[in-house]
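Heads up: the structure comes next, in structure tokens.
Naming follows writing order (A, B and C), and every chain is counted from residue 1.
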Amino acid sequence: MRGSIVALAGLVLASLLASPAAAQDRDALVARQRKAIEAMKAAPKDPPRIAFVSNGVAFFWVLAKAGAEAAAKETGATVTVHMPPNGIGDQKRILEDLVTRGVDGVAVSPIDPANQSDVLNAVARRALLITHDSDAPESARLCYVGVDNYEAGRLCGRLVKEALPGGGEVFVFVGRLEQDNARRRRQGLIDELMGRDPDPSRFDPPGTVVSGNGFSVLGTLTDQFDRAKAKANVEDVIARHPGIDCMVGLFEYNPPLILEALARAGKTGAVKIVAFDEAPETLAGVRSGTVHATVVQDPYLYGYRSVEILDALCRGDASGLPADGFVSVPAQAITQKNLAEFEAQMKARAAAAGDAADAKAP
Amino acid sequence: MSGRDHAPAVLEVRGASKRFGGVVALDRVDCVVRGGEALAVVGENGAGKSTLMRILAGVLEPDDGVLLVDGEVARLRSVREAQRRGIALVHQELSLAENLDAAANIVLGREPRRLGILDRRAADRLAASALARVGLAVPPRTPVASLGVGARQLVEIARALSAEARTIILDEPTASLSRAEVDRLLALVAELRGRGTAVVLISHRLDEVLRAADRIMVLRDGRVRGELSRVEASRDKIVTLMVGREVAAVARRATSPGAARLSLRGLRTEAHPAVAVDLEVRAGEVLGIAGLVGSGRTELLETAFGVRRSRGGDVLLDGATLPAGDPRASARRGMALVPEDRARHGLFLPDPVRRNYSMAVLGRLASFGVLPARREVALADRLAAALSVRPADHARAAATLSGGNQQKVVLGRWIAAEPKVLLLDEPTRGVDVGARAEIHAIVRRLAAQGAAVLFASSELDEVRSLADRIACLREGEVTGILDASDAGEEALMRLMTAERAA
Amino acid sequence: MRKALGILVLLLVVAGVTALASEGFLTAYNLENLCRRTALFGILAVGAGIVIMAGGIDLSTGSVVCLAGCLLPWLLVSEGWSPTAAVAAVLGLGVIVGLFQGALVAWGRLQPFLVTLCGLLFYRGLARGITDDQTQGFRGGFDGLRSLATGRIPVPGLTDLDAFEGASAFAIPAPVASLAAIAVLAAIILRFTVWGRWLLAVGRNPQAAAYSGIPVAWVTLSAFAAGAVLSAYGGMLFVLDVGSAQPADFGNFYELYAIAAAVLGGCSLRGGEGSVAGIVVGAALMQVLRNAIVLVERIPDNVEYAVIGAVILVGVLADELVRRLARRRGGTLRGAA
């Protein structure tokens, strides 16, 4: 106790002496990276060392890993994939250690972009930085590889309309709403249902009912990646709104848990489900008709494109960088109609990932 | 009788030596245990008795020498192995599982099973017969926690008998027993012997040893100093062999007592809430409490000190009432309690002796909350010299000292506090003859310096030799207070066992 | 002291192996990161160690870290408090949490494990409720306060070398100053003050302590309060370092890192012994291990916990073996402080 006060006083002094490193200029860092790329034209990194960092542990990221490894095989880059198990502190630690290891390029899905600029910029100071899955526009990242989540949300909204031509009550389930991608997906969905003009910066608070255009979004529940909580959320909604018409799961693991809770309640098929991502249970649901449709972003392509872009940059080739810094990986709607085709593609990619892993093992 | 000498040895060690670090605990000891014979092993603490016992019971293996079971060389690697060979150790620190009942303890480790499931009825049958053999009339399902110390001892012996032990080693069996319980135990030893069981008895109480043993082996400094048969043995002979010198009796009553220091007024304990106790101890006086197990001696002392809540009444120190149930306040006002169970309530066993001394006077040693090491060392030096604690190395862990020296350390802690009132519970339990005399002398010295001393003991000898006055306690009630000079053993016993007046 | 030495050897071995396997390990940048992380976790570990030495256990560390980590930016950004008031409030909350838990243990006679397990659940729920599960961050502000965790104290002689992008080659991360102050103070208190002696006595044998006239309940209470305040202070530094906190997982498992560091550093879970130096070295060992897993390319990340668990086990086993050897050779048992 006394120690903290002494330390506090001492540190106020110390902080006056040392200049804080956080206030680095984003543009200067971007320029520095571009200069580095220019320099690599003459002396390309071969092979470049690239790290792909997720925002947590999930099957989604296993697919992304497959994409990253496939790209590694094709380009010859050395790629490692990291999944921080314990949130933002863990992600920071891994990023710092990657820089220490001396990687040339880092692709990261930031957990809290609004407050992580200094962490990301510290990476950009010593390596090439891009973001994927979730963007950090305030940071010195060179580009962002991902879906436009707002557009994906609107696609999801169109699928809900398709499932409920006469309108109805909708409930939304998601892991964390503080993540940019979750927020935008949800807003796109609500805006599409309400028939509003596109405006990604809009935000309807999660606790309030949003009604209009024949649809009523009764609420949004988060589970913080706790699967048991996610399922309990669905169960609670079934209990509280027995007449619910449609449930939307915005993260990969939400739809399977919705399916399971509905099955337990004997309501399979009675409530329409619109899903995100391609969890095996979700795809099985699409096949059997219990899931109306799923919006897939392509984690495989996140991994693949991120590595591909970083590899090119490390060899001095900046032509892959778009002017607006946004490498769009479009979202896709999977329904019973195009399911077979999609699954065939997935199978091929998974097999390729397996080969890549086998090739790496010895 | 003479036939016993030629009875076969069931257990024997030859040339057993055991070293702990630089200390030789046992030095080429030969010991023979015969069926149907009671062998007593006596010696001061640190003489090597416990080490010898532990070797015989499979707890320790000797560095040198051999062990023979039924005449064959054997290695006992564990207590379990020893038990299988028919050797049972009944521990000084009782080793029953207090959370289980008597039957469960008796069959512990050998639980009768049917199809892998505990057969409680068979266990009860086994336990009942074993309990009957030791003469303990309690149902097998009695929780051990509800039994007194004496009864627990008997349960331990019952456990050994039920395991069909042919050699039973009793380590300080009578240390905490009342007179009647001691009688019963010694009768049991005689009976076991008569049935051909070998009994090894370790005791400090020479009168008991003289009553019960066929043969007495005396150890000192890890060596056998003599072996006496019952006929040739006498108290003086044993003591001389044990100590290697003559022991002087304690001088008593040097000063005349002054004003009342400690007064118990209508004090009611939780153990006997119906009885109010009035007692007064004057400055310079030593008051002994005599009572059987269950008479509430410990409870009375602990309630007076405040570690137990009282059910009414007051404790006064120099005329001022102490706050009830607050040992810290009692200690601050100058009261001290040396508890019966040194290991549990007294010592910080793994900590250095020095810290054990200073624990009650840290506030006094410190300046502005900081403890100067040299003051602590000086205190330890002073106490170790005054109490002749051996060894005088204060950095040693308290756990490495012998029982008598440990007791001196606990006493020393309170001497450092210069108490006005000293409460002692079983001041010499598990302490050897030499140390016992020293501890008595220390207590007398404190009284001579003006402290009021109140102590409880289960040994009438001790009460009679140490106290100025003796209060007899029976079921929580003071049945009489006698002057030590005219308190005969018989008179005391009568008061301790008297029927309450109708 | 001997225990601190043993764990120091283990730390040096792990560090040596990592340095051989990764050239990045011995760079100024990495050493600075390691110092900062060790300091942050070390503060928690000292708190955990104090409670353990007093014979208790504190499982609520991670959740108190979360509560402090979420409340500080919340008070500053959402509620507009001044830094002084916000820091005082967070530390004050730590005191209250500790007194509450300590009182339940000391006077309520509840088991520390149970009380702090409930605390673990309660404080995290509280943090999530107060913040409505929203990320709490500084939004680029409060650089002055943040320098308490992100600041770098220049080292004359080292700082001028090899300047890179405006950052000195090696500077002492600010949290190290906090840990140093806390550790030195804790070591002095434990070793040289009456309170410290009482604490160890209560941890060793609460009954004998009560018979010795020691205010056992108050000592217990103060130990829990000290532990919780250090957790709150550590949580504050964590969020100042990272920049934001997610109520759902901020500080997850930190109690286990803290307890592991304390035990590695020589605290017996039976109470009554431990060394502050050992605890700090224990905390450093944990961080070097985690660092090594990312630095050495051959170890995949996902086996992190397995590696940490295995090394702790090896450390504890080695220690037990040494202790038994010492006992067999008859060395005196000494209680370390």
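Heads up, the rule we're going with is that a residue touches a chain if its C-beta (ideal position, glycine included) is under 8 Å from a C-beta of that chain, and two chains touch if they have at least 3 such contacts.
Computed from a predicted structure; not experimentally measured.
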Per-chain C-alpha centres versus the global one: which chain is nearest? C
When I count C-beta pairs in contact, which pair ends up with more: A-C or B-C? A-C
Among all other chains, pick the one whose mean CA position is farthest from the mean CA position of chain C. B
Calculate how many whole Å lie between the centre of chain A and the centre of chain B, each centre taken as the average of the chain's C-alpha atoms. 72
Any idea how many Å lie between the Cα centroids of chain A and chain C? 32
Intercentroid distance (Cα basis), chain C paired with chain B, Å: 45
What parts of chain C, by residue number, touch at least two of the other chains? none
Residue ranges of chain A in contact with chain C within the complex: 1-4, 6-8, 10-12, 14-15, 17-23, 57, 80, 82-83, 85-89, 92-94, 96-102, 111-112, 114-119, 125-126, 138, 176-178, 222, 224-226
Chain B partner, complex, touching residues on chain C are 192-195, 197-198, 200-201, 204-205, 207-215, 272-273, 329-335
Show me the residue ranges of chain C that touch chain A in the complex, using the header's touch definition. 22-25, 27, 29-30, 33, 37, 87, 91, 95, 128, 133-135, 137-140, 143-144, 146-148, 150-154, 165-167, 171, 174, 177-178, 181-182, 184-186, 225-226, 229-230, 233, 238, 241-253, 290-291, 294-295, 297, 301-302, 304
Chain B residues within the chain C interface of the complex: 19-23, 305, 307, 327-328, 330-332, 337, 339, 344-352, 355, 358-360, 362-363, 366, 369-371, 373, 393, 395-397, 399-400, 413
